[in-house]
Amino acid sequence: MTLEQRIAQSETRIFKAVFPSTTNHYDTLFGGTAMQLMDETAFITATRFSRQRMVTVSSNRIDFEKPIPSGTIIELHGKVDYIGNTSLKVQVDIYIEQMYSEFREKAISGEFTFVAIDENKQPVAILK
Amino acid sequence: MTLEQRIAQSETRIFKAVFPSTTNHYDTLFGGTAMQLMDETAFITATRFSRQRMVTVSSNRIDFEKPIPSGTIIELHGKVDYIGNTSLKVQVDIYIEQMYSEFREKAISGEFTFVAIDENKQPVAILK
Amino acid sequence: MTLEQRIAQSETRIFKAVFPSTTNHYDTLFGGTAMQLMDETAFITATRFSRQRMVTVSSNRIDFEKPIPSGTIIELHGKVDYIGNTSLKVQVDIYIEQMYSEFREKAISGEFTFVAIDENKQPVAILK
Amino acid sequence: MTLEQRIAQSETRIFKAVFPSTTNHYDTLFGGTAMQLMDETAFITATRFSRQRMVTVSSNRIDFEKPIPSGTIIELHGKVDYIGNTSLKVQVDIYIEQMYSEFREKAISGEFTFVAIDENKQPVAILK
Amino acid sequence: MTLEQRIAQSETRIFKAVFPSTTNHYDTLFGGTAMQLMDETAFITATRFSRQRMVTVSSNRIDFEKPIPSGTIIELHGKVDYIGNTSLKVQVDIYIEQMYSEFREKAISGEFTFVAIDENKQPVAILK
Amino acid sequence: MTLEQRIAQSETRIFKAVFPSTTNHYDTLFGGTAMQLMDETAFITATRFSRQRMVTVSSNRIDFEKPIPSGTIIELHGKVDYIGNTSLKVQVDIYIEQMYSEFREKAISGEFTFVAIDENKQPVAILK
């Protein structure tokens, strides 16, 4: 399997309906909840690419471009966009979809860095 | 857009890491949590297909074929598999993926029925 | 103790106030949350009847007869309604109660099948 | 309906399986989660007795007599035990049940005071 | 370090924004959620003071003086206010802050009693 | 009140006990949960400083320096560290404290940018 195939195969999607349990007092998705879902998406993408123990090292700049109203649907999409020796990076985007029209736009985007570790918590090669 | 294209475009996926907050005392995914995620997947699939107000009418038989251990990844997959006049059905399957191998198998499957309603809660045609 | 007494003694009730943390964008109880509570009720009923390790095998058809508005009270009621050799079935009903009147009606009903297993995950007799 | 009948009819029970999502680092039910469930039980009992808008005024002493281990079942039981002019009190007890034996004992008990209010938040008579 | 310094150093604060996931049908903070946060504050205060295994023995009277509306900020404050041989008490107050003015007032207050235990769950001295 | 006083007065702290409901399969605090708590801390700090409607624009690089084991206590600390015309920045640090020793160290740090908006969602001056 080529790297391109492994990247494609590990692309990870999470759809979610924006209900009151996830919103703030503006009746939009709470930013912290968005970040939690982005980290989960990134972690799953990284693990499915490497099939090794991955830990989050950092998130780079995350841009909150659009507020996400209650009563919409979001899709999170994670894709590996950099592969280093013992680390990799995952780009995560959140798209808003209206429920009752085809309108869809990007709302939030960010990038997360992970390292692969062995059972003694020492860094190991991503590609074996 | 053909019906086949609308069905394909509304296919909905949710990945999730199985962490302690979702498990029972056997250290496997709690069945009720699986059902909650399945209904959310089915609802989003139905809404994205019809772009109308959808309400759950019933779930058909749901089979829990395999327990889902803590520390695995699951993928829920929803796809419209029947379109009636004012109702539609969505098939939802849950797959387990090991974190550190490519092994993957189906764990739970079920089907959900939804009806489309207007603002007065009266049934309306799925396909306008 | 007769079977009838064991069935009566294992009847299980869960009351819950329907607050915003459990509702969808229609301001009614999210169907997936109802299913999660039904499976928990069924599991507790099955365990209290058999006093053995029980695992969910399947849910049969679940009918969502009435939407459950925010600001109401629900009661879930579970009762064993079939006893096989290594499996049993639990009927679960959800009733809505208005907060400020005595009005009460059935909203959702379903049936769950469980098997009893030993420590090696092999089926064992329900009635010892 | 007599007062005794109203008290009996408003008795409220909540069963719950103690899973990891509710436990602390001692692997027992977190005390704060127990208190949250007790207040919910008390509020539902008070509302079902009075069928009026009830607000919590205070909880009296709550005794944590026994720790509640993960992997057990609890039953919360609420019952009106005092009726004043504009207030009432609800006694709430939590019982532990072992899953695989009939052993059952009281673990936590407390009492909650509520007042009935009208739409302008003024106290009103409990018994009309 | 004097006792006064230890008490000051173990004072514990938790700020929280009151969003829909924590509110009841009156659109105010659910009393049970307030109690859960108070117990968490008290437990952390007691542990940080004693640096020993602490378990909740009881809560004394908790007064709900003011309702806490959605869209406000709360601060919980915990402070040791009694030190016995094997037990201690923690006073917990909740303050409401308006988001868009400096107005702040006390809303709920209570006191929690903890005992220190060793690994065999026997009481041990608070001050060693 | 000087700017320095306003910055000091709006410093915001959140203590939290790391229980199983917040951990991943490594038995450490899930990174996404840490980010959610950091955004809540930053939002409350920004709002308490400006007393205006604040929305998250971006998070800068967040460094996960140390894993946070289950059974520890964390303190989040937020402080305004930049004030622009219509935006401000909040530094958020997470410290780990051992429960049974005085050991404490910084585990995660990051910075969040907010803008102040009026009721029409137009940017307004931070300092009026």
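By letter and in written order, the chains are A, B, C, D, E and F; residue numbering begins at 1 in each of them.
Definition applied: contacts are C-beta pairs under 8 Å (C-beta built on N, C-alpha and C of every residue); 3 or more make two chains touch, one makes a residue touch a chain.
Because the structure is a prediction, the values reported are computed rather than measured.
J.: Where the contacts of chain C and chain F overlap, which chains show up?
T.: Touching chain C and chain F alike, sorted by label: A, B, D, E.
J.: Could you work out the angle of the rotation that brings the CA atoms of chain A onto the matching CA atoms of chain E, rounded to the nearest 5 degrees?
T.: 120
J.: Same residues or different residues where chain B meets chain F? The copies count as same if more than half of the interface numbers are shared.
T.: Different, since most residue numbers here occur in only one copy.
J.: Sort the other chains by how far their Cα centres are from that of chain A and give me the top one.
T.: D
J.: Consider the two chain pairs A-F and E-F; indicate the one with the greater count of contacting C-beta pairs.
T.: A-F
J.: On a CA-centroid basis, which chain has its centre farthest from chain E's?
T.: In terms of C-alpha centroids, the chain at the greatest distance from chain E is B.
J.: Provide the C-alpha centroid distance between chain C and chain E, rounded to the nearest whole angstrom.
T.: The computed centroid separation for chain C versus chain E comes out at 35 Å.
J.: Let me have the rounded angstrom distance from the C-alpha centre of chain A over to the C-alpha centre of chain B, please.
T.: 21
J.: Which positions in chain D are in touch with at least two other chains?
T.: In chain D, the residues touching two or more other chains are 17, 20-21, 30, 40, 43, 53, 99.
J.: May I ask you to sort the chain touch graph into line, ring, star, complete or other?
T.: Here the contact pattern is something else, fitting no line, ring, star or complete shape.
J.: What are all the chain pairs that meet the touch criterion?
T.: After working through each pair, the chains in contact turn out to be A-B, A-C, A-E, A-F, B-C, B-D, B-F, C-D, C-E, D-E, D-F, E-F.
J.: Which residues of chain D touch chain C in the complex?
T.: 12-17, 40-41, 43-44, 47-48, 51-53, 73, 97, 99-102
J.: Would you mind writing out the residues of chain F in touch with chain A in their complex?
T.: Contacts found on chain F: 26, 30-33, 35-40, 43, 53, 55-64, 67, 110.
J.: Mind listing the chain B positions that touch chain D in their complex?
T.: 20-25, 30
J.: Inside the complex, what are the residues of chain A that reach chain C?
T.: Where chain A meets chain C, its residues are 17-21, 70-71, 99.
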